[in-house]
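Please read through the structure below; I'll follow up with questions.
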Amino acid sequence: MSTLVQHPSSLQGARLPKWSPWAIAVGSVAVSIGLCVATGIESKIQWGLIAALLFVFGTYFIAAGVEGKRQAKDRIATSMVWVAFIIAVVPLASLVWETVKRGSKVLDGYFLSHSMGVVSDTEPGGGIYAAIIGTLEQVGIATLIAVPIGVLTAIYLVEYGRGHLARAVTFFVDVMTGIPSIVAGLFILSLLLIFDMSFSGFAGALALAILMMPVVVRSTEEMLKLVPNELREASLALGVPKWRTILKVVLPTALGGITTGVMLAVARIAGETAPVLLLVFGNPFINNNPFEGAQASLPLYIYQQYANSAGSEAAYDRAWAAALTLIAFVMILNLAARGIARWKSPKTGR
Amino acid sequence: MAKRIDVSGLSAYYGSFRAIEDISMTVEPRSVTAFIGPSGCGKSTFLRTLNRMHEVTPGGRVEGKVMLDDENLYGAGVDPVSVRREVGMVFQRPNPFPTMSVYDNVAAGLKLNGSYKKSQLDDIVEKSLKGANLWNEVKDRLNKPGSGLSGGQQQRLCIARAIAVEPKVLLMDEPCSALDPISTLAIEDLIGELKERFTIVIVTHNMQQAARVSDRTAFFNLAAVGQPGKLIEIDDTERIFSNPSVQATEDYISGRFG
Amino acid sequence: MDITTKNIQTPPPPPQPTVAERKRNARGATRPGDRVFLGLARGSGIFLLVIMAAIAVFLTWRAAVAISKDEGNFLTTFEWNTAGTEPVFGIAVLAYGTIISSIIAMVIAVPVAVAIALFLTHYAPRKLSGPIAYVIDLLAAVPSIVYGLWGALILVPHMDGLFGWLNDYFSWTGIFDWEGGAPRSMLTVGILLAIMILPIITNVSREVFKQVPQMHEEAALALGATRWEVIRMAVLPFGRSGVISASMLGLGRALGETMAVATVLSPDFLIHGSLLNPGGGTFAQNIASKFGEADEFGRDALIASGLVLFVITLLVNGAARAIIARRKEYSGANA
């Protein structure tokens, strides 16, 4: 048994029928329910866990008995992979489902067009108008700062970059990608402390720009590398100076991809809460001026509605509605970015 | 222990596209059978149906019968995994496992099929590498990565890996097309030796190679692009190259097309 | 060639460039336009370096100010009290909490993510795997504050059952001992972080597994390997370093995560042996929670703790880069 599992003369091993995984699954669920009811276990999580364990071990022993050890291992791997997938889907699906279900309760035109103002955190009413304004301004300013610097850096790395400086930039862009958002916030905070300045939307935008730059550099770099060298050479051979070649030939060719990268980067920073918490501080009133005074922000609004409301249902409803708005914003950006990438890819590719 | 292959009425599909149509032939044990024909005629596809590798390709499916002695490879309840253990395969590009040493590459198939003692394993690895004419070149570097060998050595390593599990049949899919002439010669010599122990089927683009190594030759052709490939004829290699019974075979061999 | 050159340069007809000029043009750095443009591009790259240097310098500066006034030991004190005239603060609890919560997250997330990546590349029906991969990709973009809200309001109440069960059967281990408080503990934080980093690790691992050359998998199949054996022989060895670097990426996220921890954990300044009892804290969470009431000195102290977090994430990311670099060399040798 240990050296050769199947008989060398025969290609036919004993095989479990095709429906057997389903049968074992149904069987283990039934047994686990029976077991749990009998022993008085109430938690559904435990029901699921016991059923999953029964399924995995049931599969192994049945298969080992009928088909042999190797097939049993194969089957156990298959069932583990499926079980892992299902276990992971539950929380992720719940996240989406709960946000949509609870968020749609108070999400309406009024909610989008009004701010908290003097509405107490524990009472119903109010909305996210100021937060939307704040987030749009902060993300907008961050984008205006980060995109030119990011794209130019990428151009430097791809079109000019040789030697120590380029290598250093590449390395530190990598390092920068890994900076926790709260550290970026602390950095700007240390500047505020040193220069004795106060909270503003702009300070938040600076921190967001730091988080955005490396993402833009990376994605732009990838896109510029995809532009075929023949195009550059063709243009240079016509006597077009290099900088015009880059502006008129290289960048337009890669524009779709660069746009995609920028949109994904915007989607990423739009949901950043920590730096905004440190630098923008939050404000129930509308403050349209990002350069002066505390502002509101959508992700921060979610946190403050959750944290400052002492368990009030009205505040939780507002938090969910704001979360749904934020997810919708991020998802639309993501879907649009992917759409652009797909639409543009045949032209830039190869 | 080499076995005879008897194919009857075999067709293979990629999704709804029929790649080869209604092939019947017999492959004799302890001999080398070469498949020749123009690109796209389905000879590689056909080869892959002989150890059920065709169905690994998404959408791949097979109709018909392949008898290995008296067992149908496509019979109900046959496990493709056991089929592939009986019918080994060497691929067009040498593909030793890059993360494994020379030794582990040869032992890879054995370790799947149960536990061997270290000394047993050592013996089989040595025997297989000798069988693949590679032992003298690698005996001092058995623990070095297999990917460090030259292309020709890698291909012989793959042959050693395939014969280590003692299959009944050895399929070779253009085993020399990625190799230089000297390595090719080494592999061809090896094929001549291996046919004493195995049934060998080799797909080749190189007609001189078919003439040099094979006992029997099968010629495949297709009516037009998009049409399924068919077996035109199979005969002793000498006959095929001197006096084929079908005009298309002669045209192909004399270089008038393909 | 002539015609096109004319198109660009006329009118008026310019003086014919000398050979030397042409040569320089071909190198492309002598025209004023080229010089300005190169200057801008290089300047942006240098600006990025300056920012990185500034982050390190300013954080260190403020941190040094704070630590010099710390009446306790910055590394070992179990307290965070920056308001009085004798400020006492230390990072021991935060370091412990950050590392423990990240370890829990990794232990859960990495195997599950690898399994899902294998599921998508090798097990799922092809019609299913494309859309699922797309959705998981999108989930990686969900902001962490939303995970935090979901964790605090949905996950926490659902943890009671699991906690009770662990306490019933495993309290003897010490780490699963539950005194019955709200399940806002390190284990819950770790589980939430795991759920959060799962999409990222899955995505990167899936990419790596997709790149395993077909010929390696076929080599294993042709030896008579089952699907699982193909994965063990050809897929996992090839993808190992990719999975490690994906995990490091996830670890970096988990270490620095602020909001998801701040919403779920109910913090204190003690190291708890049990993972089920609420308490403890992480660097990022402590900064977010303490920031509101901190005065200027308090903020400096928080910056000091942030600097430690910065260094830890740098080390983790550096390790990930090193592994990726090794992988590049390695695959180059095989090409």
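Observations on the model:
In this document, chain identifiers A, B and C correspond to the written order of the chains, with residue numbering beginning at 1 in each.
As a working rule, a residue touches a chain if its C-beta (ideal position, glycine included) is under 8 Å from a C-beta of that chain, and two chains touch if they have at least 3 such contacts.
Chain identities (UniProt): A = Phosphate transport system permease protein PstA; B = Phosphate ABC transporter ATP-binding protein; C = Phosphate transport system permease protein.
Note that the coordinates shown come from a computational prediction; the quantities given were computed from them, not determined experimentally.
With centres defined by CA atoms alone, the chain at the far end from chain C is B. Ranked by C-beta contact pairs, the top pair of chains is A-C.
Separating the centre of chain B from that of chain C, both taken as means of CA atoms, is a distance of 47 Å. Each chain gets one centre point, the mean of its Cα atoms, and the points for chain A and chain C are 12 Å apart.
Among the residues of chain A, those in touch with two or more other chains are 70-71.
Shown for chain C are the residues in touch with two or more other chains, namely 226, 229. Chain contacts: chain B has residues 81-83, 86, 112-113 touching two or more partner chains.
Considering their complex, residues 1, 4-5, 8-9, 25-26, 28-29, 31, 33-34, 36-38, 40-49, 51-52, 54-55, 58-59, 61-62, 111-113, 115-116, 118-119, 123-124, 136, 138-139, 141-150, 152-155, 158, 160-162, 164-165, 195, 198-199, 202, 226-229, 231, 252, 255-259, 262-263, 284, 287-288, 291, 296, 299-300, 302-303, 306, 309-310, 313-314, 316-318, 321 of chain C touch chain A.
Looking at the complex, you find that chain A touches chain C at residues 41-46, 70-71, 73-74, 77-78, 80-82, 84-85, 87-88, 91-92, 94-96, 98-99, 148-150, 152-153, 155-157, 159-161, 165-166, 168-169, 172-184, 186-187, 189-191, 193-194, 210, 213-214, 217, 236-244, 246-247, 264, 267-268, 270-274, 277-278, 299, 302-303, 306-307, 316, 319-320, 323, 326-327, 330-331, 334-335.
If you check the complex, the residues on chain C that touch chain B are 126, 213, 215-216, 218-226, 229, 233-234, 237-238, 240, 333-334.
On chain B, the positions that touch chain C within their shared complex are 51, 53, 56, 58, 81-86, 88-89, 91, 93, 95-100, 108-109, 112-113, 147-148, 158, 161-162, 165. On the chain A side of its complex with chain B, the touching residues are 2-6, 10-13, 15, 70-71.
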